[in-house]
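Data first, discussion second: the structure below is written as structure tokens.
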Amino acid sequence: MLHGPNLNLLGTRETSVYGTATLSEIDRDLKRLAEKEGVKLMIQQSNSEGELVDRIQKAAGRYHAVLINPAAYTHTSIALRDAIVSVGLPVVEVHLSNIYRREAFRRHSYIAEVAIGQICGFGACSYSLGLLAVIHHVRAKPKNKR
Amino acid sequence: MLHGPNLNLLGTRETSVYGTATLSEIDRDLKRLAEKEGVKLMIQQSNSEGELVDRIQKAAGRYHAVLINPAAYTHTSIALRDAIVSVGLPVVEVHLSNIYRREAFRRHSYIAEVAIGQICGFGACSYSLGLLAVIHHVRAKPKNKR
Amino acid sequence: MLHGPNLNLLGTRETSVYGTATLSEIDRDLKRLAEKEGVKLMIQQSNSEGELVDRIQKAAGRYHAVLINPAAYTHTSIALRDAIVSVGLPVVEVHLSNIYRREAFRRHSYIAEVAIGQICGFGACSYSLGLLAVIHHVRAKPKNKR
Amino acid sequence: MLHGPNLNLLGTRETSVYGTATLSEIDRDLKRLAEKEGVKLMIQQSNSEGELVDRIQKAAGRYHAVLINPAAYTHTSIALRDAIVSVGLPVVEVHLSNIYRREAFRRHSYIAEVAIGQICGFGACSYSLGLLAVIHHVRAKPKNKR
Amino acid sequence: MLHGPNLNLLGTRETSVYGTATLSEIDRDLKRLAEKEGVKLMIQQSNSEGELVDRIQKAAGRYHAVLINPAAYTHTSIALRDAIVSVGLPVVEVHLSNIYRREAFRRHSYIAEVAIGQICGFGACSYSLGLLAVIHHVRAKPKNKR
Amino acid sequence: MLHGPNLNLLGTRETSVYGTATLSEIDRDLKRLAEKEGVKLMIQQSNSEGELVDRIQKAAGRYHAVLINPAAYTHTSIALRDAIVSVGLPVVEVHLSNIYRREAFRRHSYIAEVAIGQICGFGACSYSLGLLAVIHHVRAKPKNKR
Amino acid sequence: MLHGPNLNLLGTRETSVYGTATLSEIDRDLKRLAEKEGVKLMIQQSNSEGELVDRIQKAAGRYHAVLINPAAYTHTSIALRDAIVSVGLPVVEVHLSNIYRREAFRRHSYIAEVAIGQICGFGACSYSLGLLAVIHHVRAKPKNKR
Amino acid sequence: MLHGPNLNLLGTRETSVYGTATLSEIDRDLKRLAEKEGVKLMIQQSNSEGELVDRIQKAAGRYHAVLINPAAYTHTSIALRDAIVSVGLPVVEVHLSNIYRREAFRRHSYIAEVAIGQICGFGACSYSLGLLAVIHHVRAKPKNKR
Amino acid sequence: MLHGPNLNLLGTRETSVYGTATLSEIDRDLKRLAEKEGVKLMIQQSNSEGELVDRIQKAAGRYHAVLINPAAYTHTSIALRDAIVSVGLPVVEVHLSNIYRREAFRRHSYIAEVAIGQICGFGACSYSLGLLAVIHHVRAKPKNKR
Amino acid sequence: MLHGPNLNLLGTRETSVYGTATLSEIDRDLKRLAEKEGVKLMIQQSNSEGELVDRIQKAAGRYHAVLINPAAYTHTSIALRDAIVSVGLPVVEVHLSNIYRREAFRRHSYIAEVAIGQICGFGACSYSLGLLAVIHHVRAKPKNKR
Amino acid sequence: MLHGPNLNLLGTRETSVYGTATLSEIDRDLKRLAEKEGVKLMIQQSNSEGELVDRIQKAAGRYHAVLINPAAYTHTSIALRDAIVSVGLPVVEVHLSNIYRREAFRRHSYIAEVAIGQICGFGACSYSLGLLAVIHHVRAKPKNKR
Amino acid sequence: MLHGPNLNLLGTRETSVYGTATLSEIDRDLKRLAEKEGVKLMIQQSNSEGELVDRIQKAAGRYHAVLINPAAYTHTSIALRDAIVSVGLPVVEVHLSNIYRREAFRRHSYIAEVAIGQICGFGACSYSLGLLAVIHHVRAKPKNKR
């Protein structure tokens, strides 16, 4: 699980948009869900595009998939997109808020075009749905489609 | 649960894009999940925009929320959007395929802008995630945000 | 008088945008005005684009003009536009809300380009002004201009 | 009532587009209608954007509303728009011709976005409908909506 | 053969654009041509997008190909396009008028992108050319190209 | 019949797009069809825009109509368009491939806007359909419409 | 002859763009040329859009044509355009500089679309050519074309 | 100092956007600041584009610089821009509100492209900052850069 | 003097747009005017872009300037533009019709951006004005500006 | 005070655009002004987007406001924008050069839309004006407006 | 090696953009390099689009690859592009100047999309690099990638 | 030599697009070529935009030129562009793949506009051509052009 820029402030910022759950609460819930599903989950957050690229590169060979909330970099980072394509891991993109109800520039995602799928708008629940989706995808892989 | 146009052909058409599950298989799985979660689920499919509008209108007062795969009408129907806003029910939008990997005209959704959130790209699994999302939303309502 | 999709919910939905008058109240007032002006008025509502096309076609030969609030189809229906041009009846387009103060996609009307004129923003009063306009137009026809 | 640029030539110019009624005939009819409705009507015409701004500013405190045909300035004048917003009076915008059937640049109105509503396409009749609309709006004010 | 919205008025409407042949005359001529070519031809017309989708779905398994004049839906219906792709039948698109000489919005066809080819501008003759094209395509199938 | 640039390579190039028929085979078939229909057919090919303009100019007064596959010049040549308008002959535009399934720049035709009609997507068959269309148009001329 | 805004500063401003001739020198030369051609020439300059509209209106009935350098209003004034159309006088548009070599916003002229023609780029000489053009046009009127 | 259209209503209009200071209060404060800085300050307001052009022209030779809040004309007046370039005086553009937080059409300034710089968003304080900027610029002129 | 494509048909084609003067009549009048002005004039016409480029190249060193009506190539030929810039001769662009009253694609000229100036809309008279302009420019050269 | 990328080279680079003052000279002057105004000023520069995000996050709770010259990230960084919104501190955006006189891509600022205001074009003086603006804003806060 | 329009003037024209080397000097250096590399090089220049198409067609079967500087036709010729695709030879595109530093219309290349690669901005050196690239490509062919 | 983001994965990722050579193989070959040409070559790779900016800044004064493959940052980084302009070193931009054959967003390069030139599409060979180009440029500097 990779958290993009400014998500470390979660729960303390713009709670009307992003909800009151802090990042550590979300992470704790995700880990519990991962445990329940019997999968190993590694969680990291960074405000730096380059660091997020580094981490996706390092995930190759160690993890089966990446769950990512690229936050602001969703809309501006081709480097993240290229990293995803390079490592060849399945990626699921999640967002706390419904990005289609916000500023026009948030409607375009460089990541969605190379991800398995996208989940947005359900607050902290977007993360658990995303984890379920990524687990389902990895397990179904032999028969999964485009 | 409302299925939009051409979804009745599911599993028999373009299986490389939409998977091999038929609509009735998907519906059966959804009903099982609904039952397990203790919620009542009504499922309908229509190829007609007007009929889908009628059904959303009729859902008001009878259901707590709408799970919808508007298919082609996602991108062309302001009437569906207006119906959703009119009835004031929470709506979750799901898609089998990742609409951001397809033709440019599939990137814009009139529905997403008035829905709680959107889930796409996980095949039949998009539906079960959507059902979980809608149930979670309705139960969390007193404390949910935009 | 033709009412487009979702107008059957009038007065019960988004009252801050559309006002509290129900469709039947509006229809009753319109009929009174028609009676006062000595004209016969037939009123229908439909959520279906095809049905609205059918009704415009049937109006030819029976009525002198069409007063229409095409609602969502204003912005998406070339079929309605073609029907209007086909039957050759004068058409007046009305809207309850001021469509120029709302979402960008509501600014374009396929209908206005083939109608006599357009009236919007006056709530239920848009209808009575529209009826007066259509009556005036039909009576003035021998000397009316483009 | 404010008439914008070139309307002083009415009835003598492009009669196929604007009809044969002269401005003074239109004004006379409007005054009669105002009298019949029991309202005081002041009518002015100007070819100058600045002068029209002045007059809107002066209307504040003296009149209850403004009926305006901004003509060419409809499409180019942000100053007129700002004046309308500044004085806070309800404004109804009217046009003789159907502006959606003419050049593309006539489709955008800076005024409509800050007016109560817009009426266009009915020739001199647009004015009387506009007067009725403005009177109705002012009288209904306690209960009027956006 | 499927006729789209408003084509039932053919010959009685806008004869300067669409010619004076009525739909039944066109259908009769087409049937004669079909007979001469030794093929079975079924002809239907509908003003409803949903109904046209239904009919394309039903054509699968019964017919070898679809000849369609989608009329107004050419430019607005992704549902029709999806139906065509779903059933996998070869489709030939025809238009009476030359759509490239009319309003700008008539230049884009959602159907042409998934059809074998397009024929437009020859009046009733577009239909017979289309029928010849579709027959030729089906017979040549083993050796036909993209 | 005028063939535009690169059509002389037909049958030897990109056979998956344009089919395996060579230009001389197509020309031979067209001449046979012309003979059968009792019309005189002159066929020329050129890679030069100026030469194609010259030939259209020379067709005036000698031929009743022009059948043209402008190939690449379809999308870039206003000179060809002007030539067609200048000579006043009816022109039918044909394409081997379905230009609406290819690169975006192939969707606009400067020629279609001044031609009788357009036929595309049927391979070599586009030519014979085009010849039938042009013959039908010339013979029907006294009663043909826009 | 009407000079638009800022032309009163001619010869004293931006001489690298507009040349060193002052407006009075240009006017003197124009009057001489008019005299030589035997025509009466009235010259006025204004920085105000409304005033220029007034003057065009007043020219109707007194002059046979208008020679205008609308300067900045070329690109922003629909009111000037409407005035020209209203009075029905032939108008020739001139510019000192080549407006196609300057900022992008100077490429569009609301006036050119309703003028006889446009002359630009020849400095003070644009005016004398414009005067010759307007004289020629008025004298040739019985046989002039669009 | 030049104030553009509607600024005369300052403090009495839309106080949530523009603050409660009236124009005369702002002018008084500016004069004090000018006095303190030892510079002569002339202040004028006009609702007319032509008049503002006149005043900029008259400033040449009398003043060292112009401080301007062009208000609505910021976005529509090429005439003002040309006047600024013509007189060759340094110009500083100020706005009370942050124009980048308002309607899209307020984002483009014809003036900024020919001004020294722009200050916006600080309410009445924008004016005093602007005055300081213009004074600093004029005094630093021998060494100032683009 | 260079005439672009299709101008050889002048006077015989679209006389409502281009007038009834034939190219040889125009050329004869131009030669007379040249003689009267004491300048040598060479006139050529071509339908080929490459040939027009050749002729502009050859003009370098032999002529002082080029008068050109690039016709259709005005809007599509960067090669002509590059040739003009390469040879460094002053070029004046003329058009018979007012290109700003015609199709949108005729509004952009690749040539005007590198020419001295442009004259359009005066029929055959555009040519004589152009010749006067070019002569004036060459004679004034020592003192002419951009 | 935060300086964005490449500002560390100030005074040594492109001095015709940015002036000859080095960053340390600017910082020294700013500190003096801060001292004079009795405020504490912390200054940092970074070439990294992620680091600038970190610093804005850390400013929350320690400083009352942020003065920022985001340089290149002005136009590309949604992460910086989100950081500003997250911490909820008032931000003033400054630029040395007039960004409206440079490349088109420099006209859009993701930061201005969430800042109090913007100051640009006054070289090193932009910074001191910005500091005055931010101090004024913080002190006036109880009565400041949008 | 194919040189496009106006390159025959090289070294004599716009030397600040294209350098002082003449085309024959460049050709001589290229031939020397070809000889050194042991490859046969044929060099041709033409100002005509059709002739360049002819030459590409003739290269098929005789040469292993094409090195081309399409000059102005880079941006306007779909016919050249189609010729390249038709003959199936590898093509390397070169430009003397850096086309991304010039007019906006020079940024799009119809050729680059079907070439192996593009080299621009190095003056005459672009040609020798291009020759090396094409030689390398042909020799590496068995293992070369898209 | 600077390698942008994700290039460290070269040879292990998407080998159909980028070839099978690893970055260290490319670097080794480049160093050999540098040695052969007698120039010192320093090679660095980074996934971080800020770090690449730092390195370009540090190159000033130590190196004569920069050879760069900015990878994803080509299309999104104005900071890199500003760094290049700031240090004033000649820069050559190279790409392994032909960026004009890929996604639309890869067609625009912020770097090319400030580089000497661009080389793309030749796989690892792009690098050696780039090195030759940069060496040639530095050696030819006294006589090089824009």
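For clarity, chains are labelled A, B, C, D, E, F, G, H, I, J, K and L in written order, and residue numbers in each chain start from 1.
Keep in mind that, in the parts below, a contact is a pair of C-beta atoms (placed from the backbone, for glycine too) under 8 Å apart; a residue touches a chain by one contact, two chains touch by 3 or more.
No experiment lies behind these values; they were computed from the predicted model shown.
A.B. asks: Trace the shortest chain of touching neighbours from chain I to chain L and give its length in steps.
C.D. replies: Steps on the shortest route: 2.
A.B. asks: How much rotation, in degrees rounded to the nearest 5, is required to superimpose chain F onto chain K on the basis of Cα coordinates?
C.D. replies: About 120 degrees of rotation relates the two copies.
A.B. asks: Work out which of C-D, F-K or E-F repeats the contact pattern of J-L, with more than half of the residue-numbered contact pairs in common.
C.D. replies: F-K
A.B. asks: Report, in whole Å, the distance between the mean C-alpha point of chain G and the mean C-alpha point of chain H.
C.D. replies: 31
A.B. asks: Roughly how far is chain J from chain K, going centre to centre by Cα mean, in whole Å?
C.D. replies: 48
A.B. asks: Using mean CA coordinates as chain centres, what's the chain D-chain L distance in Å?
C.D. replies: 62
A.B. asks: If you average the CA atoms of chain G and of chain L, how far apart do the two points sit, in angstrom?
C.D. replies: 54
A.B. asks: Would you give the residues of chain L that are in contact with at least 2 other chains, written as numbers and ranges?
C.D. replies: Chain L, residues with two or more chain partners: 48-51, 76.
A.B. asks: Check the chains against each other and report every pair that touches.
C.D. replies: A-B, A-J, A-L, B-C, B-E, C-D, C-E, D-G, D-H, E-F, F-I, F-K, G-H, G-I, H-J, I-K, J-L, K-L
A.B. asks: Tell me, which parts of chain K touch chain L in their complex?
C.D. replies: Against chain L, chain K makes touches at 15-19, 97-98, 100-101, 107, 109, 112-113, 115-123, 125-126, 129, 132-133, 136-137, 140, 144-146.
A.B. asks: Which residues, counting only chain G, touch chain H once they are in their complex?
C.D. replies: Of all residues in chain G, those touching chain H are 4-6, 8-9, 13-14, 46-51, 71-73, 75-76, 105-106.
A.B. asks: Spell out the residues on chain D that touch chain H in their complex, using ranges where they run on.
C.D. replies: On the chain D side, the touching residues are 48-51, 53-54, 57, 76-79, 81-83, 85-88, 110.
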